[in-house]
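You will see chain A twice below: alongside chain B first, and alongside chain C after that.
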Partner chain A sequence: MKRLFRTCLLASAMAVGLGLSTAAGAAEGPSNDDLLNDAKSTGDVLTYGMGLQAQRFSPLDKLTPETIKGLVPVWSFSFGGEKQRGQEAQPIIHDGTIYVTGSYSRLYAVDAKTGHKKWQYDHRLPEGIMPCCDVVNRGAAIYKDKVYFATLDARLVALNKDTGKVVWSKKIADYQAGFSATAAPLIVDGKIITGNSGGEFGVVGMVEARDAETGELVWTRPTVEGNMGTLNGKDSTMTGKLNASWPGDLYKTGGGATWLGGTYDPETKTLFFGTGNPAPWNSHLRPGDNLYTSSTLAIDPANGEIKWHYQTTPHDGWDFDGVNEFVSFDLKKDGQVIKAGAKADRNGFFYVLDRTNGKLLNASPFVTKITWAKEIDLKTGRPVYNDDNRPGAPEAAEKGKSVFAAPAFLGAKNWMPMAYSPATELFYVPANEWGMDIWNEPITYKKGAAYLGAGFTIKPLYNDYIGALRAIDPKTGKIVWEYKNPAPLWGGVLTTAGNLVFTGTPEGALKAFDAKTGKEVWHFNTGSGVVGSPVTWEQDGEQYVAVVSGWGGAVPLWGGDVAKLVKDINQGGSLWVFKLPKA
Partner chain B sequence: MPRLLIAASIMAALAGPTLAAQADPPDPLASVMWDALRPELFGSAPITFDDRVTVTAPANAEDATAVPVLADASALGRVEEMVLISDLNPFPVVLRYHPVAAKPVVGTRIRVQQATPVRAAARTPDGVWHIGGRLVDAAGGGCTAPPVTYAARDWADHVGEVQARAWPPSGDDKTARVRFRVRHPMDNGLIAGIPAYFIETLSLRDSNGTDLARIDVLEPVSENPVFTLDVTPAAASRALTLVGRDTQGGEIAATIPLPWTQGALP
Partner chain C sequence: MTALSRRQLLSFSAAALAAGAIPRRAGARPLDDVTAAGRLRVAVYRDNPPFSFHRDGKLVGVDVDLARTIAERLGVGVEYMELTAGETVADDLRNAVWKGHYLGGGVADIMMHVPYEKEFGLRNPEAVLFAPYQREHFALARNPMRMTQPMLAALPDEPVGVEIDSIPDFFLLGAFGGRLRDRVMHYMTIPLAVAALEKGEVAAVVATQSQVEAALGERVKDFPVTPVTFPGMMASSWDIGLAVKDNSRDLAYAVGDIVAAMLEDGTVAGVFGKYGVTHNTVVME
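Our next item is the complex of A and B:
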């Protein structure tokens, strides 16, 4: 009896001890330091971009071109319902749980080892949402005890990471005016920083920072010149100068949506947000550079002030929306290490900038055909336009002069994020080869209506492929290798220290390539198109890979002739997890 | 005989919480769900079926998506918590009511999925649950019919709007009747393609911010729910506030003016 009693005591003491330690670890969640260290830590994936700089590089090296033949699926998780639309998310992995978003503003917490669902949050969307380019979501953010994601009705929702209960829900913008939100939020120094969507509805682009704990607004930074920013509830500074690059009142509906979110560089303490196309598409209505549309903005996370800007397509007339992610990296050139950043723009050029001041270091084409500009002048940093490739003004006619322009408005590279490997010192860019007929039409702004003033149809450039995954050397701008894919590439890229590059295809495969040579070394068909971003992490000494599967996004909606090529791809909605089992 | 007694007490000790259940009086409504609901809702706490707890509801529900129910436990005196239960619903618990400075009386409209006992349980300070109720006959499907709310395309513009009225305090205890309606589809998650989305908490507060009454709202409460409460505000109160939130973080906030009465000012 006595012995029994003692054993019981011991057991309960242990239980209490264990209970305490796991409860504390689980409840606290990742700290700001954990987020800053995400690119180096291998047991989790805490940020969109696998590190705030968004290099999408993992130091894991168990999987290599040699060992990858042992990579096998562990489980697959269905997002359920009838809502099988584009799945563009990047999973977040913390403490053995995967947080992944699905189409129609849904968020799931799933046990990383077993695939058992822990909880699910289905956001109740109003009837009138106006997402331009499918009902996608690109991922969640995690910080301390909460996970966050943005919804199609332009809200930001914070949930308890363990229970899925809503802690707060804040309106980012008015969905009835055309705003929506699809990007993964970014968390820096306790602030949750988001962009907005709705560039096709004449909204004004905005970068906003909120207190991650309470959701209260800290600062806002409009992206279009002439609009006023705020800090702590008061007007701060105007963006640019009123009417400096915009005529009349057009800046009030000037576009520049920051629909892809941003990246952060801890070394220079700078946020980088890409801004979308100016509105309307018809450029003849808005003479001037139309700052800061189709640009990259460097922003101070403390107060929302713009440190510098670089405009990739001044006076954009082709929807060369410049939201593409700006990835910070160390450029090792001529014995120097330059704090650089790179952006593969929708307009077809691969830009390398000095990230401390926004000065152009190099710009080179990463697609085979660019018609709108001859080159980027490295001295002025501006494109040398082919003036006759700008779609004509409609004047009094129903339709202006139509031109054939490349890349198409869906971009030489669209939303899908590239990866950078410090091991190979190469960027891996998911590109597409297509052009478009484009013409302008008369237009006036009406709240909540499409504000394009243009007609267009996309055409493939080649019979055998549209998509091309290209390895680019940022020192020279040269393409080192390429993989050609019949359908347009629409998924993110991952690279690892194991000399691998992963990406998905609309045809359904998750593929792996040798990072140095581009040789395809592995593929797995997930059953629907892969347009999400793969991630990798380590758990119990084994390397895991996860990707979402589910065809959709802008291509089937806006793809013109290309939509025909992909119309037979079946839709889906699932999370696939793979691992390399221990020998 | 003594041996039998010992065996019985050992069994009872092993069985733990079911001891109380075994000692329970029989369910006067003879519900097939009662044996399952009793331990789930009340654990091993003592219960008694008590006529002083009344549930007023139609014998036959005209509209299974909005059956009016008034639960009244004021004959018990002080009550700490009330639970409204609809035994045969997919979600049997309708709401939990905390009458902080209020009479233990709550009225609302509920969905019923089929003919079911509708009960109110009231916990007195001694920890005993006093239970009363009645049968409500109903045509099926009240919980799985889509809300009428969605016939209007602009429903989302009006979610959380409150209409309310308070009557002058009356009676010895100076209770004021308050009735309010909150616009909300109250989706219970049982309709394919419509995620759960309902009001979770409501607090009616006095002008100084203290709670007069709190309601934990659950799935069976009807869309655009209406509540009737009898609360006891401070004598000088000119207005009450209603605050609450739904499962998606949507916030409800309204001010309900109290009618002016002669001599109410201190």
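Our next item is the complex of A and C:
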């Protein structure tokens, strides 16, 4: 109450002084408390994940499987230009304005009621950027008077939320060395926290915290053991132990990029960041677990120290990034409430961990075929490998033995975030059923020089579907229901207290399902593939839903046979807003 | 042998080999387009010394100079398109000559520094590979005080430098049951590995010969460079040529003739020499 009052005073003072007619709270913007409360507040969407824990659950319940037939489009906003591909963003909604990022490092502020554009920021991209997996961006962050987003040339840009003018722009990595940035930033206690992405080689994963006001670096935490972290400009502690799980100097370039960003749990005051696969690709050259690649790291936001780690794919040899989001939730089991967290990994297993210590509680497959491991041993927390299925060392002059591995390297689940409903106590996981042939290419070249590459082709496992939205009970690991989609699912999931689950399809639909039964109850064709993450909020007593539309991402670039399946989907770039009008 | 069949031998592409006949001209006539535009757009790798790199703000290098001469002899100006290397050259061919990168920027008329090899050509039917102008080798550069024999088997118990993510890197990490693994030192570029050799951080460097020679410059006399082969592994040497899109054969023929002349009259060897690199003649099978 006190804070609100102060805000009103400040806002009106500004309005008088500048002759602006800003609404209460507009000038100051959301506070840290507002961000912490985002999962509960229904009039806004202030964080990527609809709450820092990233449950993507809204307490709104006007829309239900019964009322949703009244959900209608209100307006659509085109991102404009010729840049029509790869819209993977989640919109942010604050004080009647939608902040949404477009592909090619663009950010728009749009009036939530009318769809009128307030401002647009087009980041000037230099020549020579080489993002690995399309020109996507996954969303903005908002804090106080600024909105933030990361760019394809690996910068972090802070803009005035009302004018779109640049307040600061910091280089977070060198795009010329192959770095890029696509994840939505995370803001905790006044620090803006980001991962890094890009470069298949020569990279070490990094989590970095900056002062959100100034952009100045506070701490850095490398994800590969043997590398030194920093705090306030000085060396802090080494990650792990030098050469404990890496031979020679490979830890200096060991991979483990944190390209998908992270989540935060206010209860345990812990950041969770997933890490990418190790380098070099050929696992036979780097014996050891290769910590902390293909892992989830629990990090103290105050100083960047690692509290615990859990490695989903020790000694990865299949390109199973461990970057997927770790979603905190209360696991109600046997009359107890356990502070847990869950992660649907690229490697096909759904992991439930104790989020206070990283101890494995359960791990179960969430796709139908997993060839690389028989199971995850619940006692040791480690996979029981199928050794025959590890791709061989590329040494022979002839074409190597072809191995069929599932999931494919694009993962049983890729970047697209799942949702958790405290109402149904189910996770909703966007999965894909595919495998890959991997072999050692006899003749490859890189930058004009002879090279040893692996060849791979992604193959669907079934004729009638690749994508599968699955409701998973975290208590048992059982799949409660599933929706099968012909094309691979590549968009995020949203769930609501109104017993609904929303997600998009490459075929162009935004779809809604009954959260308990999986029955499809609504769909709308947006005109291009939906590979973004939908959100919902309340405005003037009506429930709204928004999602971006625009096909793209890694599937058409990397999808082998699958890319052929989706080649006729047209690209696009627009924001769709729907509402359930008052009766 | 007629001129045309020689040209055919110089071009690897699935279509030409499958048809076994004179390739038919498509509707597009890129040589005419280049002549009409008055300039040849040439793709060269970004940051790839001594072939294409920036020195004092100017784009220079073996490939840059060769391309300029090619354009001169075609009677047109030259324009360079700097290309960020992708994961493999197949990506680079797509980005540079036959499709363009999805970020935009268009394509070039020809691309320099493309491996010239039959199997590789068959796997990339969208491009025509032609006019090889250099035979490349992997080579060992050593400090003769610390490593007396120019043989991989004689590598001493001392650090050895490699370019990260290269065949020498993979070979040394895996060779002899991983015996060398702990002392393979990784560098982002070959010039950085060579600098480490000069500073004494490593006793030897294993990398592409031309790049090692160019990085050593005058000091090549202190650090002998010897071509090496990797037992049990694939290519230790390969050829470098040019590429065009598969509808640009007439341009490839014209440029191929120019390159053949430049090889004969010593122009190519002269350009390599200018950058301190041995020019190795390509042996046509």
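Heads up, the rule we're going with is that the second predicted complex is superposed on the first by the 538 of 583 C-alpha atoms of A that agree within 3 Å, B and C clash if a C-alpha of one lies under 4 Å from a C-alpha of the other, contacts with A are read in each partner's own complex, and residues count from 1 in each chain.
Everything that follows uses one rule, which is that a contact is a pair of C-beta atoms (placed from the backbone, for glycine too) under 8 Å apart; a residue touches a chain by one contact, two chains touch by 3 or more.
For clarity, every value in this text was computed on a predicted model and none was experimentally measured.
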Query: Which of the two partners, first being chain B and second being chain C, lies in contact with A:I443: first, second, both, or neither?
result: second
Message: Output check: A:S283 vs chain B and chain C. Expected answer is one of first, second, both, neither. What do you get?
response: neither
- prompt: Regarding the shared-chain residue A:T496, is it in contact with chain B (first), chain C (second), both, or neither?
  reply: neither
Message: On the A-aligned overlay, A:D134 touches which partner chain: chain B = first, chain C = second, or both, or neither?
response: second
Task: For A:L250, select first, second, both or neither according to whether it touches chain B, chain C, the two together, or no partner.
output: second
Task: Scan A:V167 for contacts with chain B and chain C and give back first, second, both or neither.
output: first
- line: Of chain B and chain C, the partner touching more residues of chain A is C
Message: Quick check on the output: what are the common chain A residues between the chain B footprint and the chain C footprint?
response: 127-128
Touching residues on chain A, where the partner in the complex is chain B: 81-83, 122-124, 126-128, 153, 157-158, 166-169
Of chain A, residues touching chain C in the complex: 85, 104, 125, 127-131, 134-135, 176-177, 200-202, 247-250, 252-253, 279-280, 282, 284-287, 393-397, 442-453, 557
Field: In the complex with chain A, residue positions of chain C that touch it
entry: 45-48, 51, 82, 84-89, 92, 102-103, 105, 113-115, 117, 119-120, 136, 138, 164-167, 169-170, 173-174, 178, 181-186, 188, 208, 232-238, 240
- prompt: For chain B, which residues count as touching chain A in their complex?
  reply: 150, 153-157, 185, 187, 192-197, 247-250
